[in-house]
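I am attaching a structure below and will ask some questions about it afterwards.
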Amino acid sequence: MGVRMILGEALVSVRRNALMSLASTTTVAVSLFILAVFLLAAVNVDHMVKTIEGELEVRLYLSAGLDEAALEDLRALVEALEGVTEVIYVSKEEALATLRQQLGPRADLLEGIDEMNPLRDSFRVFTQGPAWIEHVAAAAAGLGGVEDVGYQRELIQRLLPLTSAIHFGGLVLVGLMVIATLFVISNTVRLTILARSEEISIMKLVGATDWFIRWPLLLEGMLLGLLGAAIAAIGAWQAYAWAVNGVYRAVSFIPVVPVLPLAWRLGLLLCGLGAVIGGLGSVLSLRRFLRT
Amino acid sequence: MGVRMILGEALVSVRRNALMSLASTTTVAVSLFILAVFLLAAVNVDHMVKTIEGELEVRLYLSAGLDEAALEDLRALVEALEGVTEVIYVSKEEALATLRQQLGPRADLLEGIDEMNPLRDSFRVFTQGPAWIEHVAAAAAGLGGVEDVGYQRELIQRLLPLTSAIHFGGLVLVGLMVIATLFVISNTVRLTILARSEEISIMKLVGATDWFIRWPLLLEGMLLGLLGAAIAAIGAWQAYAWAVNGVYRAVSFIPVVPVLPLAWRLGLLLCGLGAVIGGLGSVLSLRRFLRT
Amino acid sequence: MIEFYDVSKSYPNGTAALHGITATIPKGEFAFVVGPSGAGKSTLVRLVYRETLPTSGYVFVNGVNVSKLRPAAVPYLRRNIGVVFQDFKLLPRKTAYENVAFAMRVVGASPKEIARRVPATLELVGLVDKGEAYPAELSGGEQQRAALARAIVNHPLVLLADEPTGNLDPATSWEIVQLLLEINRRGTTVLMATHAKAIVDAARRRVITLDHGRLVRDRQRGDYSQ
Amino acid sequence: MIEFYDVSKSYPNGTAALHGITATIPKGEFAFVVGPSGAGKSTLVRLVYRETLPTSGYVFVNGVNVSKLRPAAVPYLRRNIGVVFQDFKLLPRKTAYENVAFAMRVVGASPKEIARRVPATLELVGLVDKGEAYPAELSGGEQQRAALARAIVNHPLVLLADEPTGNLDPATSWEIVQLLLEINRRGTTVLMATHAKAIVDAARRRVITLDHGRLVRDRQRGDYSQ
């Protein structure tokens, strides 16, 4: 059997089983669409968590009276610490201005403090992730010229388990979704195969080898899976573009992952999944009927 | 045909179609399980948002020197405002202590301020939701004895669109999931019906009326749906209990909805959905074969 | 009573199976329909129980124009007609007993009545010990007899038998035909499409001969004769 | 060549279909298998192409012990055997032409070969103008002939025909039997289970008679005789 023959056979079969093909393709499309929505949500939550984590910092309060050269030396030392991504210098005047802004209506507390600014110059140190913060803080504390180290210990202690819970929960959920989707798709394909057990047994009685029976059905499963996946991918793309647009307009400060490279990758992933699971579901359901 | 007869017929049919019944029941179970996980997640996000929103407050700064009676009158007035749920009095000493605590390492700023505490007595006013805050703030500003009104204007302006986006997005997602699940289930039932078109046409040729054919298949669809739903409900219950436990241990400050009344309600919902959609899927797929 | 008035039938794929058939089978008659393979015998039978509608002309069964029947009335037409299908059409997931019982349940027979009449009918066609077997577990001839049992169990007014002895040995065939003749004697109109020359010749009943969809011969006490 | 050595067969549901059958059908022979309905004719045929395995005893086809065959070798056994199934077993979603072509594709015939031989074989059984019809669009006899065309299209070494004329009129039946005899003359071993007394009596070939699963008669130039 040539490839063209098998493909032709599969296409004809899809058409002659029109009702079944329709039912199974739409099931594949719907379940992959849901999976896609879910993956998109997961990618965006991940992105959001990363963005928030990226804003966590270690504050190094510097000894008074360091000269320009000492400052640059120290900055180089800090930048060389493992896990550090960025170091920003903040003078004590800038710090006071920021504090005043943060206090807002209670800024009157700071009245008269200007002349005798009790704050210190500092470095804001950003790290590769919240897990690095304690480490960087400890290492920096030992450097000459660093008088004191501050970081949002409480916030980090709350945030770290939270983000890791989100990560873990998200992974579990994505895993569940992927398994469930694959299960539903392969089960759907299985139902279409079960409905043809009679035909399959006739083919065997006429002398068809297992692979002669398997190839067209494998291809048919892949076609159904691919078709469903394509529909799901287009649907997910449109829906995501619409949602991103809506988020930009309504809550522009929420970081969203841009549509374009993501939609392509997702589409490819879905089509791959659809084809593989459709084919695999077909072949696995066939086992029961072959080799007996 | 008595009910017992139809039920017997349906049960026998489920057993004699063992493979198909298995494939469709597991599909129903898996898709309802995913829907359940999703609903549980949605309920918890909703709960979390509500909890966060509940912590938003309006701060009423009071004129100095109000006596006990005036204070109580004012509290009564504020409590009577539409949307107010709770009013808590905070003396200026308590306020200073809180501020000191919030400033943490920078509390040295407040040194020597103790004697001449510049803060004011205040009411913390909680509302039914963030949408009430502006309203309550405006109304309270006009009351005698209220010198000034403060609330996290910026936070609320950010939070409100965010929570409404979460609500809207959640609703859209839940709606999508529900539709998709119903679609997958009824499509699965449709596949099992399609596979029996031959049997159905024979029944018609022997003189069976449409309802004579429909009843047992309707019941069979409901049985499959119910069985799948029961499996899904038990699975979701276990999974949720496990997850809630995990959350309590790892990130105890996250508010979760307790397992018990929720799991029951969810189980009932799933079983209802499963039975109705199974039956409906059956009957709708039959339309094609009847009345011809 | 079955009446065909100038009935023609073309199938959707274009095959013209019957041309201008006019014939009346009075109540209580026993008629053979013979003719070469593809002559239109099964099609003629199908028109009676409305598996298919005539392209033109009219078919009356007991005075009712079958083509004009509302869909909801069709089951009630069929309950008065027993059919032995050429390809048996047994329900594959029901045993022989259940297949016969199904035909009775369809007409609303009581469980007691069913428990009484189904075994008796299986006995009549020689299948008592095969009641628990599924169609796939029956031999060709046993399936054919199960189909016959289902067709006669309700004592229909009209019995249509499409090649009811094609898978039976001569002796069993003859027994089955005797059974059909007996049923006919009790008042049932019987229309039997067959290729069994020996049977047709021996029975000396009315013989309607079709060829290429046309009625070419109609003899009262006829024989198969090609 | 087909050999049965003390073959018994009981089906999973407990039915004992064959008891101690011993018989040899030499290469190139034409043998009828006759017997009442349910005697075990189809079961005997099924043992040859290994649709079912004997409970005890051995079946050899061209010297190969059929029961000992690896599953992967079964298709190759079947390619040397053409079978006309009692219930036809046509693929419902393939046309008559495609059904016959399928049997050739299975053995790896070239498209050219297929395009040449399928129409010729359909011609042989009188179905040229029905090639495009699906099985459901064929009359009973036409389906039977399509099944026959599929069985003979590969010029098998062994042809098993289970009731191949049950749905055919006497004239067509006789033509089909002539065709089988012709195929037999060209060297194919033919085993035909049948109820057609007239044919068996006229052909004067070997007749193996079964009754209740036992071989009760085996005559070289036999007749049907009950």
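First chain written, first letter: the chains are A, B, C and D, and each begins at residue 1.
Everything below uses one rule, namely that contacts are C-beta pairs under 8 Å (C-beta built on N, C-alpha and C of every residue); 3 or more make two chains touch, one makes a residue touch a chain.
Nothing here was measured: the structure is a model prediction, and the numbers come from that model.
Using the mean of the Cα atoms as each chain's centre, the chain most removed from chain B is D. Rounded to a whole number, the gap between the C-alpha centres of chain C and chain D is 28 angstrom.
Note on chain placement: the centre of chain B and the centre of chain D lie 66 Å apart, centres being C-alpha means. Centre-to-centre spacing of chain A and chain D amounts to 62 Å, using the average Cα coordinate of each chain. In chain A, no residue touches two or more other chains. Residues of chain D in contact with two or more other chains: none.
If each chain is drawn as a node and touching chains are joined, the picture is one closed loop, every chain linked to exactly two others. By the contact rule set out at the top, the touching chain pairs are A-B, A-D, B-C, C-D.
Residue ranges of chain C in contact with chain B, taken from their complex: 49, 51, 71-72, 74-79, 81, 83, 85, 89-93, 102-103, 105-107, 150. Within the complex formed with chain C, the chain B residues making contact are 1, 5, 13, 16-17, 198-199, 202-210, 212, 291-292. Partner chain A is touched in their complex by these residues of chain B: 19-20, 23-24, 26-27, 30-31, 33-34, 37, 41, 99, 105-106, 108-110, 113, 118-119, 148, 150, 158, 161-162, 164-165, 169, 173, 176-177, 180, 183-184, 187-188, 190-192, 194-195, 243, 246-247, 250-251, 253-254, 288. Contact residues of chain D toward chain C in the complex are 11, 13, 15, 34-38, 41-42, 86-87, 132-133, 137, 139-142, 145, 162-163, 166-173, 195, 197-198, 224, 226.
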